[in-house]
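Beneath this line is the structure, given in structure tokens, with notes to follow.
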Amino acid sequence: MIIVMNHGATTHEVEMVCQRLQKEGFSIHMSEGVERTIIGAIGDKSRISLSTVESLPGVEKIVPILQPFKLAGRDFRQEDTIIRIGDVEIGGGQMQVFAGPCAVESWEQLMESAEAVKAAGARFLRGGAYKPRSSPYSFQGLEEAGLKMLARARELTGLLVVTEVIDPGSIERVAYYSDVLQVGARNMQNFFLLRELSKINKPILLKRGLSATIEEWLMAAEYLMAGGNYDVILCERGIRTFETYTRNTLDLSAIPAVKQLSHLPVIIDPSHATGKWQMVRPMARAAVAAGCDGLMIEVHPNPTEALCDGPQSLTPENFGALMNELRAIAEVVHKKL
Amino acid sequence: MIIVMNHGATTHEVEMVCQRLQKEGFSIHMSEGVERTIIGAIGDKSRISLSTVESLPGVEKIVPILQPFKLAGRDFRQEDTIIRIGDVEIGGGQMQVFAGPCAVESWEQLMESAEAVKAAGARFLRGGAYKPRSSPYSFQGLEEAGLKMLARARELTGLLVVTEVIDPGSIERVAYYSDVLQVGARNMQNFFLLRELSKINKPILLKRGLSATIEEWLMAAEYLMAGGNYDVILCERGIRTFETYTRNTLDLSAIPAVKQLSHLPVIIDPSHATGKWQMVRPMARAAVAAGCDGLMIEVHPNPTEALCDGPQSLTPENFGALMNELRAIAEVVHKKL
Amino acid sequence: MIIVMNHGATTHEVEMVCQRLQKEGFSIHMSEGVERTIIGAIGDKSRISLSTVESLPGVEKIVPILQPFKLAGRDFRQEDTIIRIGDVEIGGGQMQVFAGPCAVESWEQLMESAEAVKAAGARFLRGGAYKPRSSPYSFQGLEEAGLKMLARARELTGLLVVTEVIDPGSIERVAYYSDVLQVGARNMQNFFLLRELSKINKPILLKRGLSATIEEWLMAAEYLMAGGNYDVILCERGIRTFETYTRNTLDLSAIPAVKQLSHLPVIIDPSHATGKWQMVRPMARAAVAAGCDGLMIEVHPNPTEALCDGPQSLTPENFGALMNELRAIAEVVHKKL
Amino acid sequence: MIIVMNHGATTHEVEMVCQRLQKEGFSIHMSEGVERTIIGAIGDKSRISLSTVESLPGVEKIVPILQPFKLAGRDFRQEDTIIRIGDVEIGGGQMQVFAGPCAVESWEQLMESAEAVKAAGARFLRGGAYKPRSSPYSFQGLEEAGLKMLARARELTGLLVVTEVIDPGSIERVAYYSDVLQVGARNMQNFFLLRELSKINKPILLKRGLSATIEEWLMAAEYLMAGGNYDVILCERGIRTFETYTRNTLDLSAIPAVKQLSHLPVIIDPSHATGKWQMVRPMARAAVAAGCDGLMIEVHPNPTEALCDGPQSLTPENFGALMNELRAIAEVVHKKL
């Protein structure tokens, strides 16, 4: 790390900073400019917190040199991570589409969705059994009954199942019924939940928080990996900005950014990002063109009857048409879909 | 609610929307402008979700008329809520200061902090035993040992204790050792945690999420209240914006905004918002001048040795000087401190 | 417009609002709900400002029904606007690429760029002669000498020229030497400049402001159109968000949003949005897949010697490879490039 | 500046960066860590642009050490700047209030406002003659007729006048009729206008742009100062965030931030920031408590008849009451008002 001292920092202050760093095992490189003294500290950054150094007298600011994530970073692993569930792969040139209704509402609704998803050629069925809703008065999901329907749909269709887990106490139950566990945007920094999920051996689909920087998102992945679960799929689903025409602002530049910083696969959820089904199709195409590893898309047999997120759900017909477009674009960017 | 139909919506589409709303018990007021048909729907909004109506053919947008929160709103309760813990009151003209270290690090550090807090005239000791940290490699708190120290400091000083709870499984334990339970910014929309906390009978200090709108924050309070816990203290601690000079942007206009919309007390945490101790003092004064019901301030006997958030912690001396300024400003705005 | 009265608004207050609106020629539709009185006002909104109505006693909020833009909106014109410069078209299925260096630095640099642009098949040469720079100490452009070089490059290559105008006093000069005049992001709400540009008969490329909503952007286009200049090309170039990994956040959902609200062509500038040449290529592909009408891309014969924006400039080789990818994706979305 | 090389940067790449910097007169300090090579470059940063260095092969990122502003910074001038207009001072312990209507609408409206402003003890009359409005169909100001009314009101009341200038062509005219020239938020980065204003010898009130960082705001001040006009008053008026309850988010932490970075006076405009008169009073009090050098406040004799910004204007009565509160708080923070 680099320590920039104040304009008027005294020789004593500079010495005290150096001594403190040396005590923690750092070696020191001093550089005195005309207007500022700069201290380079080489060593194991985990020995001292940045904020401790920052609060020493005479220090103006600290500039960390290395990324704070280790296991999630490209420095740790050069080649792309490929996650395998049975014979299905995500990452490394193989895209996957996770599609289905926002919430599991009934057996009929789920199966109609699942059949549409399968017919269009996707391999994963999504559907919420536990729904985090901003109002306590909204439909909160069918809970375990919903999980059972998902598992039954999997049996009947051969689709793999991804569903959200919202509390540490139900991890085991959700893992029992599903193939991939989703951590929602609002729980991205629920570190207790992440720590518990790091102990299971199923892949985690980690949504980016509404106002999470890419670095914070990768640090959330680091929680999962540091605990032993290396199968992390990152999912961008829109960030919060000043613009209100769309529900959130889909940050597609997160795709090349994550690819540069990390080896983990990254997928895009255009449904939650835009909140409008008319925008899902162009944004899904754009995501594939930008090089994502997959998509999460809401599909509902009858959007005007949906208990949640109807306006952003595609009909089976629209979903099928979209899948055809996506395959054509995937070819241009040399990916399999 | 008001439904605005598209420019080219057909008579049939208008009729279908009206029929659907009437089926759910709404009465309908039609208003045909030159360019748009507007449908006013009067009735129990909980009978149908906004998004369902929004996804009906021909609908351009929905305009909700009433706030989505009920129990947290001024319509429900006109007078300010006053929360009482023994003989200590928060709200309704009585301000409170919650002060102490970011994290409980040791018995000596905690007691020095507690004595400084008490000497300056504050009534609440803050200190984290469970610390949500953005890195899995950072100090995560002393956990139950920290809780015990807090409880012992309370016995010795007579201060009341506020500390954070980060997982549903430890609510009972945290509630046993403390007087007020804090929900951190990153857990503001951890709805499962909120639901569990709604069942206990201790006050909850609910921090505003980094990118939560005031409406979402009040909806989080609504989760607590809908479950039966009416003692909610709202705490603004900075929102995420494009500005990077401060850690977050302290939104002091949240004070008059919350006062207008809600009857709940609202306090301000200038330490986390700014991240710099030099800015804590002016921002704390500003918060009192703007009419807040209290403050949460980090105080550490030796900030340069703090295990977390040293740069934003006040020394006991600075804290004492600040308390004197706050009392003078409180008088101008007719509050007790 | 719809006026929502306060919970406790008196009959007198409601009457005064109605009288005021009727005086301005509005017809009134009253709707009394259980908790709020709603007043629908039908008439010519330009007769009274929303803020005047909002400040009447008893008024809680105003909900405008129609978009504030008229000429720029789809209600005014259903079919896509196609802008023609000689035999070159933008919009309505025909994409265009505007490429070249950030700034005109020298004749050699400009001509090398222009030849690369032409060789790759683009029709427009971009290059700044007047550069708005955030520091007064940075290179501010070659000014008129730069304009003359652009005009000479046009003669030699047959490319059309787009360049920025930063002050009302030089509009005539810039218009003389170029084919399309660019309004930079920082001048999007320089209404005086817009009004002057509305009087000329050359197309305007209007960049979206860093924190402009889509509505404000279309209102800036409205300034141009209201003054008589209907040839407006909208250009999204990244908005300001909390994310710092990219210079700005490219808002590709602005493409379908603008397409829904307006008939004007919309192009994308991935160079300024991302600030990193490695991200330009995936984001350019994504823009085409999302349905844009064109792209603005920085190309420099030697990015490491560029006087500005080197890190975001493509080499001629990379630009040529990108153009091939873009053509393949354009075909998938049925556009010509 | 500090140059961080890529993880895998070659010795050749490191050498090329060093050679390039040495060619521009920098002296070099190398520091080879375990994972990254760091190059410290000491010299005159204006010799080479950061972006040029950033685009050299093998460079990961550049960390500037010094602030980009010089004349506006505390390093250049330690003591607070005090701006004097006749016997009236701003800065250095003396606060000033700039009050009056959003726009000059008529002689009667202006004089009623001016008398209210004077009666309450403020020294500056504000009022717009040229109004930058987001819609071309809104009232755009009385222009020169408005300027003349302002000048006449100054004669009759002895108040000093501040008014906005929106185009380079009218600077002379506006300067003739007023004492302080205002640059609006939307023109903060209209660098051409700033350069022209740097040549006049009247103080400039420079509003912060809606999405301008504090650094960018100070760089805009630097444009004025670099051209020779050192009398710059900074004015925070709310930044754009995701929150929609207030028009913008008033960033009061800009006060201590500016005080730390710069010697220029900083004032606060709570009227434009909040957009609601009920919030102006608490936010104005907060600004004084936070240590601002003054306030800009909209006052209108009859807000419900205002042609613009009625909802955020104080009545003369409310303004008088506010001034009394502000004086009491100013005393606590040892300022004169």
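Labels for the chains are A, B, C and D, by order of writing; each one numbers its residues from 1.
To be clear about the criterion, a contact is a pair of C-beta atoms (placed from the backbone, for glycine too) under 8 Å apart; a residue touches a chain by one contact, two chains touch by 3 or more.
According to UniProt, the chain labels map to these proteins: A, B, C, D = 3-deoxy-D-arabinoheptulosonate-7-phosphate synthase.
Note that this is a predicted model, so its numbers are computed, not measured.
The minimal number of chain-to-chain contact steps leading from chain B to chain C is 1. In terms of the distance between Cα centroids, chain B is separated most widely from C.
C-beta contact counts were set side by side for A-D and B-D; B-D has more. One simple way to say how far apart two chains are is to compare their mean CA positions; for chain B and chain D this gives 31 Å.
Computed centre separation for the pair chain C/chain D is 26 angstrom, with centres defined by C-alpha atoms.
Mean C-alpha position of chain A lies 38 Å from that of chain D. Contact with two or more other chains is made by residues 211, 240-242, 244 of chain B. Within the complex formed with chain B, the residues of chain C that make contact are 2, 4, 7, 29, 31, 33-36, 38, 40, 42, 63, 65-66, 74-75, 211, 240-242, 244. Within the complex formed with chain C, the chain A residues making contact are 211, 213-215, 239, 241-246, 249-253, 255-257, 260-261, 273-274, 278-279, 282-283, 285-291, 325, 328-329, 332-333.
By the touch rule above, chain D contacts chain C in their complex via residues 46, 49, 51-52, 54-57, 68, 130, 132-139, 166-169, 186-187, 189-193, 195, 210-211, 216, 219, 222-223, 226-227, 240, 277, 303-311, 313.
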